[in-house]
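The same chain A turns up in both complexes below, where it pairs with chain B and then with chain C.
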Partner chain A sequence: MVKITFITSDNETITLEGKSGSVMALAVDNGIKGIDGDCGGVCSCATCHVHVAPEDMSKTGSASQIEADMLELDDNVNEFSRLCCQLEISDSLDGIVLKVAN
Partner chain B sequence: MNRIVYLLVKNGYLSGTNYLQFCETIGEILFTRTLNQKYHMKKSELPDPFEKARLDKGYGNLNDQNDPVTMLLRHKDVRKSAHNYKTFQSGAQPGRIVVPSEVNIRDARQIPFEVDPPLHGEYRAIIEPWFKRPLLPEYQEKLTAQISTLVDGILNKDSLEVVNEFALPLQSRALTLLLNTPFSEAETWISWGTHVFRSEGEALDGDKANILYNYIDEQIDRALKNPGDDMYSLLLSSEFQGKKLTREEVKGVMVLTFAGGRDTVINAVTNSISYLAEHPEALERFRQEPEIIGKAVEEFIRYFSPLTQMGRVVTEDTEVCEHAIKADSRISLCWASANRDTTVFENPNEIVLDRKINPHVGFGFSHHNCLGATHARQILKILLKTLAEKVGSIEIKDCKENIEHLDEFERKVGFNSIHVKFKSLT
Partner chain C sequence: MSNRLIKNKTCVVVGASHAGVNCAFALRREGWDGDIILYDADPLLPYHRPPLSKAYLTSDDDIDKNLLKSAESYEKEGISLNLGVSVKAIDRTHKNIILGDGSIQSYDKLVIATGARPIIPSIPGLANSNNAFPLRTATDVANIRHAVKNSNKKQVVVVGGGYIGLEIAASLKKLGAKVTVLEREERILARVTAPEMSALFQNLHLEKGVEICTNKNVIAIETNNGEKIVCCDDGTCYPTDIIIIGVGIFVNKELAMAAGLDIENGIKVDETAKTNDEDIYAIGDCTFHYNPHYGRYIRLESVQNAVDQAKVAATSICGKETRYDTIPWFWSDQYDIKLQMVGLSQGYDQVIVRKEKNDNKCLSFWYFKGEILLAVDAVNNAKAYVYGTKLIKSGERINKEKLLDCEADLKIAHLISSKIS
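Let's turn to the complex of A and B:
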């Protein structure tokens, strides 16, 4: 199991465990506040915006061009921004911390 | 062709308005035939009329009732301008950001649609949770029951006209869930026809709009007298900046809810049926891999783009695509064109059911993205799932295309009518 920690905008910390699928789906299934995933994970709605903890950026990598274009016009964007529908759960993500952007 | 018209006129079969209608019909038939021959098109295909202009200059020109519109055609320009509400405003004269403009047929401001940030966000926050209810399991169960009953009733009928006998009742009944009003209200809404501001063959119709306004007035009176748990009552008890919403504000939200989700949902449902008729393998795939249905819905919305465009009023002299745009003129965000932009979508003119990266703008983009999108997505998801469970194949008997005339562009948005036969799976 891969452990992923979310910190919501009201500073609640929730650690979830997942095996596969996207980080967005894991968050939505567990009702993480601020992650809506309206479009089901095809990068069209930007309702799954997170800030990756700086030390975890090497694990997640940075956004693809299309993802970056989506993020560019979102509120609260910064250099650690990702759309978590584009993060596939795998062992390499174990232990990462994500701050929900909205 | 001229000879036929000459003979018909000479013998008294054609005169006055009859003659005009006749020419329009013939023109439409010839245009459709030319398109079909040129591209060997399937009936379900919606060609992209914007490609050349999008590549060459990035914009198109449309003269709408002497209030011209510069149509933005590229994905990036459309997204940036949708985001930039200060230069490209929605809070202009009511009706002006709609294309074709509705300034001559209404004064009521639609809310939050025709309000700019930051007030826009305050209005939207009042109703956002209500419009997320389609995510609740009990909402989805009721919607599934409605759609299931509708599909059971049409299986194996020799011929069914999809727009009026399937998509319109489906949309109207589903709306009773969104408004949380009695199911029987749908009958009244069905009797209004497919568009609440337009009549057949007439772009804009003030009398028709009045039917809707009067209906909403009656419903507000009813909810004031007998508050319940419907959307009218919720709005009447809501506060904006510490004061109860006014009657005009409540009306503004309700008109938007009725108008925004009518022909758009009807087009999306009808186009989905015509696609499945010509792609029976898609129904089989939904049976085998139901998990792709969510992605298929997003792809349908991208490809069909049920709303071609939405306008904005320019607040200061500016420039788009190296083209000067004057203050107080109009631009439009052409979602249908942006959704076929090859710089963003591989093979944009193909429907790829499980397209993985799909940043379409079919529900608009940024502040004003579609409030009804959650409801619309559930309708389409449940429709595809239900059809896959019950329908083996769909046969198109005949159809009349619905073409939007946009000066330099002609866009097929769907069908005015399409007769089909649904054959049951077993």
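Let's turn to the complex of A and C:
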């Protein structure tokens, strides 16, 4: 199981365990506040915006071009921004910390 | 005060797709601590609909990979999900609904999220035709997949060249079918986009080997030795194994209508998604609602509208101030094309087509009425979609010359010259 920690805008810290699928789907299934995933995970709505902990950026990598463009919908975008529908759960993500952007 | 008002009350939601499900969860988030009871006639756990005509159709996935929420999520939030249950009537006087089996469920607040159903045109021979399908539900997809798999010739005729029809055409082509699209108008996507966009998608489908025939009004389905023939009023005939019907939807407004709620081009609601009954709301595809940005009543078939109206209704039901004021947005995926649309182009008098240099597959269509930007259709161009969204919202005046200058990179600062006073 891969452990992923979310910190919500209310400063609540929730660690979830996932096997596969996207980080967005894991968050939605567990009702993480601020992660809506309205488009179902096709990088079309920008409602799953997270800020990756700086030290974890090497694990997640940075956003693709289309993802980076979509992130600009949100004023809250910074160099650590990702849309978590584009993060596939795998062992390499184990232990990452994501701050929910909204 | 709002908490006292909503204590131990029951909110019933009829329809458990994007709108209904999101409303149920939003109610809990907004503080509704009474019962939340969801009903839907579809027996399957509520799922995402947009992928049905796209990635889901071409996959072997089970619908469980495509759920709006997991089964446990409903339990965790104390939402009672009643599937495979139809609702027959609303009794506004006694504030209850009557279910398919005659049983009664009372409500304090009721949300109608009944959506829409595909139009099945009354074409002679269609009703008796096997292997003829609309696409709205996961069951429809299962039927289509099964028919394509078991067809030797894999010949498909899609009736209707709108987004659904074209997405299905692209998906079935990917599955190895031979696909012909018959469109009644003189161009595909005629109702929703500019001629330039129609031409782009027509060429795209031709390139991929899908036959697109316009000005084709289907008047009969004949069956000859087991083979189906789709006949048009200009005398042309198209033999086929499988027929897909994608000619639009009917709003599921009958429940609301029989209950005496105001109906126009859908169930009429105010800016909080409330009907003309204080205790009844309506959300999603079935509503006829006011859009403040465009200054008119509209009906939308989209996930965005379903989800956003669901949140507005939930907030209002919990006694909080709210107002629905969103710029509509949509998306469509066909082959390797990602189309993103924002705004409503209806009433435009100019469309500016922009092709980004270095990438001829990266386009955008900017719809104006005078100096006002109404809508943007972005093809493989999320940047244009995002800038379009921001500029429609802000109402900033766009320098059209700079927009037309494809040698310069698309930059928001570049596009703005001055505010509309």
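Details
Keep in mind that, in the parts below, the second predicted complex is superposed on the first by the 102 of 102 C-alpha atoms of A that agree within 3 Å, B and C clash if a C-alpha of one lies under 4 Å from a C-alpha of the other, contacts with A are read in each partner's own complex, and residues count from 1 in each chain.
Just so we're on the same page, a contact is a pair of C-beta atoms (placed from the backbone, for glycine too) under 8 Å apart; a residue touches a chain by one contact, two chains touch by 3 or more.
Model, not experiment: these values are computed from the prediction.
Aligning the two structures on chain A places chain B and chain C in a clash.
In the superposition on chain A, A:42 makes contact with both chain B and chain C. Applying the stated contact rule after C-alpha superposition, one finds that A:90 touches neither chain B nor chain C. Contacts of A:62 after superposition on the shared chain: neither chain B nor chain C is touched. After overlaying the two complexes on the shared chain, residue contacts for A:76 are found with neither chain B nor chain C.
Of the two partner chains placed around the shared chain by superposition, chain C is the only one that A:31 touches, whereas chain B remains out of contact.
The larger set of touched chain A residues comes from C, when the choice is between chain B and chain C.
Chain A residues 38-40, 42-45, 66, 69-70, 73 lie at the interface with chain B in one structure and with chain C in the other.
Across the complex, chain C meets chain A through its residues 25, 29, 48, 50-51, 55, 65-66, 69-70, 72-73, 76-77, 303-304, 307, 329, 331, 333, 338, 340, 382-383, 385-386, 389-390. By the touch rule above, chain A contacts chain B in their complex via residues 38-45, 64, 66, 69-70, 73.
Taken in their complex, chain B has these residues touching chain A: 76, 79-80, 83, 294-295, 297-298, 302, 344, 355-361, 363, 365-366, 369, 373-374, 377.
By the touch criterion stated above, chain A contacts chain C in their complex at residues 21, 28-31, 33, 36, 38-40, 42-45, 65-66, 69-70, 72-73.
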